[in-house]
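Naming follows writing order (A, B, C and D), and every chain is counted from residue 1.
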Amino acid sequence: MEWWKAAAEEIITGASKTLENLDKQQVEKLVEMIVEAKDKKIFIDGMGRSGFVGRAFALRLMNLGFNVYFIGETITPAANAGDLVIAISGTGETKMVVTASMAAKEIGAKVAAITTYKDSSLAKTADHVLIMGGRTKKGWPREEDYLTRQLLGERESLTPLGSMFENNCMIFLDGLVVELMYKLKKTEEELKAKHATIE
Amino acid sequence: MEWWKAAAEEIITGASKTLENLDKQQVEKLVEMIVEAKDKKIFIDGMGRSGFVGRAFALRLMNLGFNVYFIGETITPAANAGDLVIAISGTGETKMVVTASMAAKEIGAKVAAITTYKDSSLAKTADHVLIMGGRTKKGWPREEDYLTRQLLGERESLTPLGSMFENNCMIFLDGLVVELMYKLKKTEEELKAKHATIE
Amino acid sequence: MEWWKAAAEEIITGASKTLENLDKQQVEKLVEMIVEAKDKKIFIDGMGRSGFVGRAFALRLMNLGFNVYFIGETITPAANAGDLVIAISGTGETKMVVTASMAAKEIGAKVAAITTYKDSSLAKTADHVLIMGGRTKKGWPREEDYLTRQLLGERESLTPLGSMFENNCMIFLDGLVVELMYKLKKTEEELKAKHATIE
Amino acid sequence: MEWWKAAAEEIITGASKTLENLDKQQVEKLVEMIVEAKDKKIFIDGMGRSGFVGRAFALRLMNLGFNVYFIGETITPAANAGDLVIAISGTGETKMVVTASMAAKEIGAKVAAITTYKDSSLAKTADHVLIMGGRTKKGWPREEDYLTRQLLGERESLTPLGSMFENNCMIFLDGLVVELMYKLKKTEEELKAKHATIE
């Protein structure tokens, strides 16, 4: 048996289901907040693998012409009132992300959170929350799901820790890039023109 | 119409097809090289979004107990003969990655490349190449495909630049993590025990 | 007048005075904590320019053979009881650093802080504090100094924000590297042998 | 004997001498190139510790209102003709930096190099070279100096590898920030207003 393939299929099937079940109004609101921040600054925040997914999204927002920064990188400037912070944390409890989110609120910036847990510390500080399913470091979001699955004899997830959340976010945010391309009438050529030429 | 959803579905369908068509011997050889590097050092290399996907993989290799480093980060030590470099570049022409790959070869380290183009500069320097389909910054890998699709009236890809390659790699490499867990008999609990506690 | 030269001289003179006035026992204790962490893990933490100085130090600790990581980078593993966190913040109030320091304490790791303010939040959470003079983002450490200087007609510092603190730390920590080389009987050749070969 | 202190003094004395001997025309030309790039983009490039010093400088250029980026970070956009790349490498042979410098030249961007070696690969590709003394990973810049020092019985440098070059650059570039503040009539308050508020 090829475990890599079984696991990859699990990720693909999981992503397909999760994205099918996303709350459309939550997505629309997030798109709206990003478009509204067009002449402001956008800050992406996340630690570890959520952070890498956030950086991949930040790079595309840069391609799209946004003033976007990743929190913790060198040239990240001051956030001001009206700027937008997009914070990504599966558990919603990553301390650095929660701290940054609270700092952003104090300044008057808006916070949009992408997390699995609507009652998490991050979700509570955020102006807008997009609930993204997927197993996280904490395990499955609701224990009853886990028990149900066990009772039903469903096999355990192959994918460790937060991998499913991170893949779901990666695919979703790359979808969002296309949505923004259409909203802002950007062609791929325009994105390419802004892509790093020294790498 | 929701463009984000159409694009996300395109990514998912594309990933499913691409992973189905991966050359199994190329995958097995890559797994073997990683397992053999267990008591050596592994260096992951990639720029931009390929780099973020590479970092996400590096983090999981660290969870699995490998001596793994990402080229360009602070504490990356010397590579020596027998160490393994895994280089990720869709086009296979990213200058920094090709340069690093050549430097690695000079030292006597082995290079495994993940790229879409078997004739790329990166592929040519590598000891082993895993061909990963997916549209890249250069467009679709083979122009005849592109023309065929146009002639058949198939719609253009929604997903800009290298996004499909990057998602395919992310999902594939997360699958590989599970393969390695089984090969090395690691449980999720063991991975978690090594996961960053200050973040 | 060449402002760059006047400012550089100010930095050099300032560093010279500051290092002269360092508390030797505080330095010795820091050296001792680092040497004791030889078979444990060391985590360096800092944001912005303090972070870059911290990374430069981390790189040298890696050259010296320590298991050292920079908090926030890819392969940073779990901290455990007995590990050492070295946190650098001029003001001692950088939220991310204070948060990380508190997280480290919860885990049972030891925290050594390098800061200008002995009553700062960072200093209060730390097991050991090394007071490093130098003007920070908050201005000069003690307002009376500032007033005294004004009364005496001394000119304002040329060097903006935390630059003096950061230069003082850079020079001090590079000095510490030599101290550790002697303590651990490492030659420069041994350091070089561990230095990145792919860059 | 306190080695840390002796080494720190060596760094300070070395920096003082090196900056005294900088070629003023080389400095003026660099300042001019930076000021001319005010409405263009500036890219800072360097690996390892030279890179950290470069990032510290990039952060201050951001404070000063420049469109500045660090090569390799997330949101680094395309360089175009007329943009400025400032490349830092003690040896002038760091492969990644030389490669990036050549890529920049192909695009039509200007390259200013800071290096110890006027005949290095980096210096040869650059439009302008600022020679910064200081021992580097290669050892002292001119072997005759080394021999002279040995003959005279001068003791070996305490400071390993490129530490002196990096400290010299750090102090010099922080001096340059003050020069630019005066040239651009920026106050410290204006710099502070742009400094990261979420950190």
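Note that a contact is a pair of C-beta atoms (placed from the backbone, for glycine too) under 8 Å apart; a residue touches a chain by one contact, two chains touch by 3 or more.
In this text, all values refer to a predicted model and were calculated from it rather than measured experimentally.
Common neighbours of chain A and chain C under the contact rule above are B, D.
Taking B-C and C-D together, the pair of chains sharing more C-beta contacts is C-D. Averaged C-alpha coordinates give centres for chain B and chain D that are 33 Å from one another.
Between chain B and chain C, the centres computed from C-alpha atoms are 36 Å apart. If each chain is reduced to the centroid of its CA atoms, chain C and chain D end up 21 Å from each other.
Shown for chain B are the residues in touch with two or more other chains, namely 47, 52, 55, 59, 72, 74, 95-96, 100, 103, 195-196, 198-199. Within the complex, the chain D residues that touch chain C are 2-9, 11-12, 15-16, 19, 24, 27, 31, 47-49, 52-53, 55-56, 59-60, 63, 94-96, 137, 158-161, 163, 166-167, 170-172, 174-179, 181-182, 188, 191-192, 195-196, 198-199.
The touching residues of chain C, counted against chain B in their complex, run 43, 45, 55, 58-59, 62, 68-80, 85, 100, 103-104, 107, 193-199. Those residues of chain D whose C-beta lies close enough to touch chain B in the complex are 47, 52, 72, 74, 95-96, 99-100, 103.
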